[in-house]
Each structure stands twice: as structure tokens, then as C-alpha cells.
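Both of the next two complexes hold subunit A, though its partner changes from subunit B to subunit C.
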Partner chain A sequence: MREFAPGWAAAALLGVAAALLAPGLLLFLLFEGFAFLTGPSAATLLAREWHPIEGVFGLLPLVAGTLATSLLALLLAFPISLGTALHARFFAGKRVRDLLEAVLGVLGGMPSVVLGLFGTFWILPHLGPSLGSGVVVLALMITPTLALLSLGALRQVPEELLIDGARLGLRREQVILRLALVRARPGILAAAALALSRALGEALAVEMVCGNVPNLPTGLTVPVRTLTTTLVQEFEYARETHAQGLHLVALTVVLLATLACGLGQKLARRGGTA
Partner chain B sequence: MRLASQLASGILIAFVALLTLDLFVRGAPEWSAGYLFAPVREGGTDGGIGPIVFSTLFVTFLATAIALPFALGAAILSNEILMHSPRLAGAILRSFETLASAPSVALGLVGWTLFGRIFGLGFSLLSGGLTLAIMLVPILAVAFHAGLAAVPRALRAQSQALGVSRWTTLVRLVIPAAWPALFAGLVLALGRATAETAVLMLTSGISTRMPQDAFDPGATLAVHVYQLARNVPGGEPRAYAAACALLVINVAVHLSLARLRKEPA
Partner chain C sequence: MKKSVLLLGALPAAAAIYFFLPRTEAASRYLITGSSTVAPILQQVAAVLEERDPGLRIEVETGGSGRGIKDAQGKLSDAGMSSRELSADEARGIHPVPIAHDGIALIVHASNPVTELTTEQVTGIYLGTITDWSDLGGAPGKITVINKAEGRSTLEGFLAHFKLKASDVEADVIVGDNAQGVRLVAGDQRAIGYVSIGEAQRSAETGTPIKLVRYGGVQPSIATVADGSYPIRRTLFLLFPAEPDAIGQRILDLLAADEGRGILEGLNFVPLGTRKAAAPQ
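Now for the complex of A and B:
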């Protein structure tokens, strides 16, 4: 039978177009952001305030808000997630293990806006619209990613290694701490980086609880604003310089999230070949 | 250590149980007969979510229909055409990883500026579908690539040894063999699409009226939940009802697609 050349050509063309979406996105943001950098407000980028109406576009409070909410969320979610993964891998029976995986599946399947709604009712009354509330909601959001990927990394540790350890007289806890966790470390760190990447990029769930005042995050009860929530709040009425500034904000958050994700993938590849 | 890990699992289970129960206990009583189909009244504090459900389905299927050929093309390109240049294929896959890791709100902003302002579509279902399609392409392409790559090379070689062309082998043999994996990718993408909020709030808008055509704006369910919780006074209980519906629809899509898969022609 003859080759169907138009089919291959169409596939190649569509494929190339799809592969160019990512560079296209970055170029688009760069192009708009560049217009800002060559404009009159560029010097205000280093200011400590974000006040677009007065033409002050200091990125510091937004970047600090994004990093503070995301890193603290990671810090909060990490022990819960790793503990759950360890429990599912080493301590739980089959029934509990299945339950834990189902629970992580349910939480992972929750749209982030539902988690924001939950935060509005259960966390806002205690912590107020603040950094702390944003942290709790984000921690809930990244826990399934973190726990399931950590569990995957723990499962990849060869059983023989653990059996050998036990034969050499190591106690169960030592086997887990000294052998399993050490061997799974790159995979667990990769999970943390990927979870961080998701937290950095989340917009609406955080916007619902974080207070949205561009303060520096000096305490858990301080209302803060992140890069992503700024986009949500200002995109509609932003014009000219302000709109260009928002594209620079978007570029910043894309770079931060991509960096974290790339780091995670690098670690994951190392974990896979270790 | 055992105790610590038990504690962690316990906290997690308690939180998720609270979350799910809370959702149904608060959300379900707000449902009335025909809630899913009735028009929205009073900004959402009364009536149903008919137009919202319509907009959600419309935008989701539009985006999937646009994204599918691109993703399939990309998978064929990276897996079949570039079979012997793994470096180039790897670069393509990395571009998808980058796109998939880009925060959706940034994508929403680009969609708003490009489709909404430059192309003049404003807030519209079409603009939402186009932007959402950009988000779905990498998800679908990576899943399709993995699906095609999992089909043994020997199958292709045997088919070609019998004189069957590479294209026919691909269409008649490889893609059917990879079908379950392709399908799983599709379900994953649909799940992500219905849960997406940021992209669609910035592109298809927050209108709760029934859209007349693709150039009209229309809030999707996730956007509606957000609006009720955040911007509609007294909307919180109704936000729970809509969130409940969102979860139910999500599950229904998963189940009906899973059934479709079981009865291929």
C-alpha cells in the first residue's frame, strides 16, 4: 500500500504548531513586558510598593507574597504528605492503604476554587484574610501531588534493599530512615519542587482568602497579595502601561513556576536512574 | 515514627472528610427541582444554573475539539516522524512540559490580550475555548505521546514487513492499540478543563445569562462558584450548591466516558 503523504504532512504541521505554543507564550509576554521596560515606569519596578494608579509598579511585595504563601504552604504540606506516604508504604494494611489513596484522589480531584470556598468558611473566621489563610488553602491543594509522588518514589525503592537492611539487624525505623528515605530522596525532592510549582501559579483559591493588599509578608496575619492574584484583580481595567506591567507580572510568575517545575523534572530524572 | 505517620494520615483523612461532608451538607439542600436546567436569577442567589452548565459544556468541548488535532499531530511527530531523532523529539516534549507548568492565570491573561482585545472577541465562549485549548494541548500531547510510545516497535515492523504502509500501520494498528492510553489522556484533560477557573474568568467572562452564540460571554461552573463566593452578596450558600454540582458533573463525565470506552464499535 502506498504512503499517505498528506496525512504525515498534516500531522507534522499540527505538531510543530503545538510545539511552538510554549515559546510563543513566552515571546508574547516578553514582547508586552519589554514595552514596559522601555517605558517611563520601568524604574519603579524596584520600588517597595505596587500602586499602579499612581504609576508605581514595585514587584517586590508581589514576589514576596507569592514566595511566602507558596514556600510556607510547602512547609505545612510536607510533613503531612510525607507522613501519609510513609504510612501507606510501610505501616498501613491493604484496606487503609486503599482508603488513603482514595482520599488523596478525592482531594486531588477537587477544583481549586472549591478549596478556596472551603477556606472562606473554615479558615477565614480564624485567621482572617491573610498570608496564613492563603498558606492553609494552598497546602490543601498541593498535598495530593506531594503525597502521591512521594509514595511513588518510596515504592520504587527495591524491596531487596529493605530486606537486606533488616537482615543486617537494622530496626524497622532505621530501615525506613537510613535506607528507604535516602534512596527515595531525589524523588521526594522532585515531588516538592513540582508541588511548589503548582502553588506558585495558583490564582483564585489564594485570591479568595489572602486579603489582596500588597503588603510585605511580615506575619501570618498580614493580608498579602501575590503575582497571580494581582492579574486576576487588575486585568480588566488595566490599560497601556498598567497592562504592559501586568504582562511583566505574568512573565515573572511563569518563570518562577517553570523554574520550580524544571528543577523537579531534573530531580525526578536523576531519581529514576539512581 | 509509626505514630507520627499515623497522625499525618489521620489529619489528612479528617480534613478531606470534613471538606466533602461540608460540601454536600451545605450544598445539597440548596438544590431545587430542575436546578441544573433553570435560568440563573438574582445574580445566582436564586434560580438554577442552566446557562452555566451550558457554557461549561460548550467551552470544554470547543477547547477539546480544537486541541485534539494539534495534540495528536504532536504525538505523531514526536513519536513516529522523529523516531530516529530522539533529541528533537525530546525538545518538543520539553516544550510541552514548560507549557503545562505555566500558571493558568498567565495563560488567561495572554488569551484576554490576544483573543479578547487584539482579535476583538472580548469576553466570549470562543475566546475561552481558544485559550483553554492552549492549556489542554500539552496535557493531551504528553499523554498521547506516552500512549503511542508504549505500543511495541515490533508491531510496526511486522506490519511493514507485510507490505503495509507506515501511515496505514499507524492509523489501523498503532492508534487502536494505544486507544486506552489516548482515552485516559482525554479524560484527564476534560477533568482539568471543567475544574479550570482562572483561564476562563479572564476569557469567557462572568455573565450568567444564556449565551446566544459563541461570541457571547458565559460563566463556567467553576467561575460561577468563585463569583458567588466572592462577589455576590449572600451568595455563599449558593456557591456550595454550585460547587456540589461541579463535583457531580465531574464525576458524571468520568463515568460516562469510562462506559463509552467499554463498548467500542
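Now for the complex of A and C:
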């Protein structure tokens, strides 16, 4: 029989608290946004415009702006990250690999405001405040982490598998493409989903470069606004209906990010059984 | 191991105890909420008053003029701050006292040859009917139109002055605060934006490459706001739930004294000539 340990009890309590945190947060957002859903402005949620001071709260441009910046950033970052990871795992010498990992580690830990400033001074003069600038800044932000996680997934592939492949007469490209990449696919997909959810939730760096005009993202040069940048710019000054509407905006970001994570895990599991 | 787990448990316990402890200092706390344009004035006033009276605690919280009005009406604060006039509905039961004037200046990049704009030109730029600087006597190039986020008083003041609707403005960039607007104009030779005159003048004087545009034939400056000749001008208010109380009166007295004028001028606001309470509309 074990004696009662208050420390472990506290740890268990903390665990329960952590588990309750996420649904609690969702409930809070839903509760705050509920008054909006039952109010007269609810019908405007489906509008194509976002003009809170005129009582129009169309989520479409914000959701479209968020998806466009994040998905295009992932599209840009994924091949670069995968190429970097493959190079580090199979082609680079030890010194180059160590250096690459150190650099990626530093870049991955870069605060988003620094990336935003970099974007303001180096990307804005070329691309202007636009979807394109937002995509480049977000891609810069997620590439290092995506590359490091992909490298980690490639490292998990057992060395014997690759040696066996080579013994069976497979060429180096075949070993990499047919064995290593297939085996590492779940990990790489999970990394991509994580990167996507980070991009969906990023606010500060995007706000500094994407223009923040609630347009539909019809081209790379169009200024767009995301759900998170709307919160950054408007929350402090929003009252009543506007504030309630912003709680729904927050809820939508959380749901999108959760969806991205869930999708990634599902893809990763499917990849694992292949 | 066991010790560290104990420690881990002690942290939230301590936080919980702190959270539920009765607040003894709440009684002497004076809360002022509202406009972020007005807040820096009150922060400096609070610092002076607290130094004179160590028992006094004045807290200044921002959240826009809307919050300042709501909190004052609901008696959630001791005083509110507003950078715009109150509507008849908002002024019910509130006692607004003007404390200073401020203006909104149109700003362009320092290298822009355009030095003056008319009402029609500004309206055209923001409605998207004038899109190139060559139409305004400047070097050819597409105009980058900078607007402010909805909910900010500067936006409302600007829209009201030019009789524009938020949804009719064709903006290229929407910014949150004044500083962001100044930074963008400084970095884009074809940009135009509008910010508080105080902010614009301070930035231009400290070497930021922006220029204040003459409007209505008048150069925007603290001086032209003070003499009333610059047209885009607004009044900053303190809002009291009733007659100003003792602490409120001390704040108003300080603002009326030389020390208060020094604070206002230091922040590039225009002190009032003579102060009198505005009658609720």
C-alpha cells in the first residue's frame, strides 16, 4: 500500500487542469460569441465584407486570407525544407550538417516580430503590402522548423533498412526515394501539419506585411487580412457587438488550427500503415 | 523527484491563494480608462500627483474612446478618456470636460514633391478615383493609400471630416496605431496616410523621412491647431460620471496649471485657452 503523496496529487491535478484548458478555452470563446450569433448582426457573417463600424461582419475575406497565406506559405516552404533535410541526412558531410542544423535551430527560434521587421525592410519594398509578402514571411518562419522535424523523421529510418536496400542493388536515389522517404512520410506529414497550424495562428509578422485590408485573395499583389491580424488590430478598441464578433473570429482560428493538426495526424497514421 | 513534484504543486496553490486574497488597496485606487491618444497625458499627470501624495494610486488603462465612455456611464471607472465628441445618447449622465486639442495631419514621404492637397483630392485618393501621383502634380507612381483599423477614433475623425463611409474607402494598407502609419509612409515614397499631428511632427523633427501636407491652405502644426486655422481638429475630453470628484478636480487643476501645459506641449498636444466644463449635448 502506497502512502498518500501530495506532490503526485498536485501533479495529477495539474494534468487534469491542462486537459480541461483546451475545451474550456473553446467554451469561453463560444460563450462570448454566443450573444453575437443570436443578435441582429449574425446574418452578416456570410457577407463578403468586414466592416465592423457599419455592422457588417463577413468572415469570408478573413478566412480566405488566412487560408491563402498559410497554405501558399506551406507550399513554398515544404519543398525547400524537404530538400534541406534530405541534403543534411544523405549528402552533406558532418561539419556542413552540424552547421546547417545550428543555423536552422537559430532561425527556427527567431521571434516573429523580428521576421516581421525583416519583412518590412526587405520584402515590402519589392512586393508591397500584399498576400505575396505575407506568404514569403510565413514561409521564412515555418521553413527552419519544418526542415529540422523532417530531418528528425529521416533520422528515425533504421540504418539497416537502407543498407539492406543498397545490398539488394538499389541505387542511392532509389534508396532515398523508395525506402527512406516512404518510411519517414508520417513524420514529415505530421511536421507539415504542425507548420500549417503555426502559420494559421501567426499574427504579428503577418500583420506587418500583408496589408490588412479585408479583400478576397484574388492575386499575390492583393493586400489581404487574416483572422489573427484582425484580432491584433481591432480587439483592444472593440466594444459590444464588435467585441463579440471578434470572439467568433478567435474561435474560427482555433478551429482551423485544430483541423490542420487533426488532418496531419490522420495523414501521418495513414502514412504509417502504408 | 518527489521534492520537485511538490514544488510544482506549490506554484498553482500559491497563485490560487494570491488570486483569492482580498484586495485591500482597492479602496484608494483611482481608475481612468479610454482613449489611447489621451492616455499618455493622464499617465504623466498621475505620476506627478502620486509623487505628491504617496497614498494615491491612479491607474490609466487604454481601450479606445468607446471603452472610456462605456466605463464612465456604467461607473466602472472613476473617469473616462475620449478623443472625440460624445453623441447625445453617449453624453447622458456624463460630464465631459475638454482638456486639450489635437489635429489629424495627412503625411507623405519626405521626397514627395506634392506639398498641398484639397478636400476633393483627399476624398478622391481615399475613394480610389485618383490613383496616381501624376494626377496631383507629383512624380508618376501608384498611390499607396494607408487607412486605419476600424474602431479607432482617428479613423472616425478622418471619415467624419471628409464625409466618407468606411466601406467606400479603397485602402492598400490598414494600420493599427499611429507609429505603424508613420513607419509605412517613411518606407514608401508613394504612400499617403494620416496620423495625429503630434505624432507626425515629432517623427518629422526626429529625422523620419515624412512630410506633413498642407491642407485647406494651412500647414498642419501645433500652432495652427491652437489658433483654430487648421481644419481637421478634435478635442480631447475627460469624462466624469457626475461633477468631478476631489481627485478629478486635482487632475483638472494640474492640467490647467503651467505644469499641465508643459505635459501637454511635451506630448505635442494643444492646451486649451480657458477651461470650462462643456454642457452635455
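FYI, the second predicted complex is superposed on the first by the 242 of 274 C-alpha atoms of A that agree within 3 Å, B and C clash if a C-alpha of one lies under 4 Å from a C-alpha of the other, contacts with A are read in each partner's own complex, and residues count from 1 in each chain.
Please note the rule applied: a residue touches a chain if its C-beta (ideal position, glycine included) is under 8 Å from a C-beta of that chain, and two chains touch if they have at least 3 such contacts.
All figures in this text were calculated on a predicted structure; none of them were measured in a lab.
Of the two partner chains, subunit C is the only one touched by A:His242; subunit B is not. In the superposed model, A:His126 lies in contact with neither subunit B nor subunit C. By the document's definition of touching, of the two partners only subunit B reaches A:Thr228; subunit C does not. Look at A:Gly7: by the touch rule set out above, it reaches both subunit B and subunit C. When the shared chain is aligned, subunit C comes close enough to touch A:Val213, but subunit B does not. Applying the stated contact rule after C-alpha superposition, one finds that A:Val114 touches subunit B and leaves subunit C untouched.
Shared-chain residue A:Arg167: touches no atom of subunit B or subunit C. In the superposition on chain A, the residues of subunit A touched by subunit B in one structure and by subunit C in the other are 7-8, 10-11, 13-14, 17, 120-121, 207, 232. Note for the complex: subunit A touches subunit C at residues 5-11, 13-14, 17, 49, 51-54, 56, 120-121, 124-125, 128-129, 207, 211-213, 223, 225, 232-234, 236-239, 242. Residues 2-3, 5-6, 8-10, 12-13, 36, 62-64, 66-67, 70, 144, 147, 149-152, 155-156, 165-167, 171-176, 183-184, 187-188 of subunit C touch subunit A in their complex. Chain contact summary for the complex, subunit B toward subunit A: residues 1-2, 4-9, 11-13, 15-16, 18-20, 22-23, 69-78, 80-81, 91-92, 95-99, 101-110, 112-114, 134, 137-138, 141, 163-168, 171, 191, 194-198, 201-202, 222-223, 225-226, 229-230, 236, 239-240, 243, 246-247, 250.
Residues of subunit A touching subunit B in their complex: 1-4, 7-8, 10-23, 25, 28-29, 32, 79-84, 86-88, 90-92, 96, 99-100, 103-104, 106-107, 109-118, 120-122, 140, 143, 147, 173, 176-177, 197, 200-204, 207-208, 228, 231-232, 235, 243, 246-247, 250-251, 253-254, 257-258, 260-262, 265.
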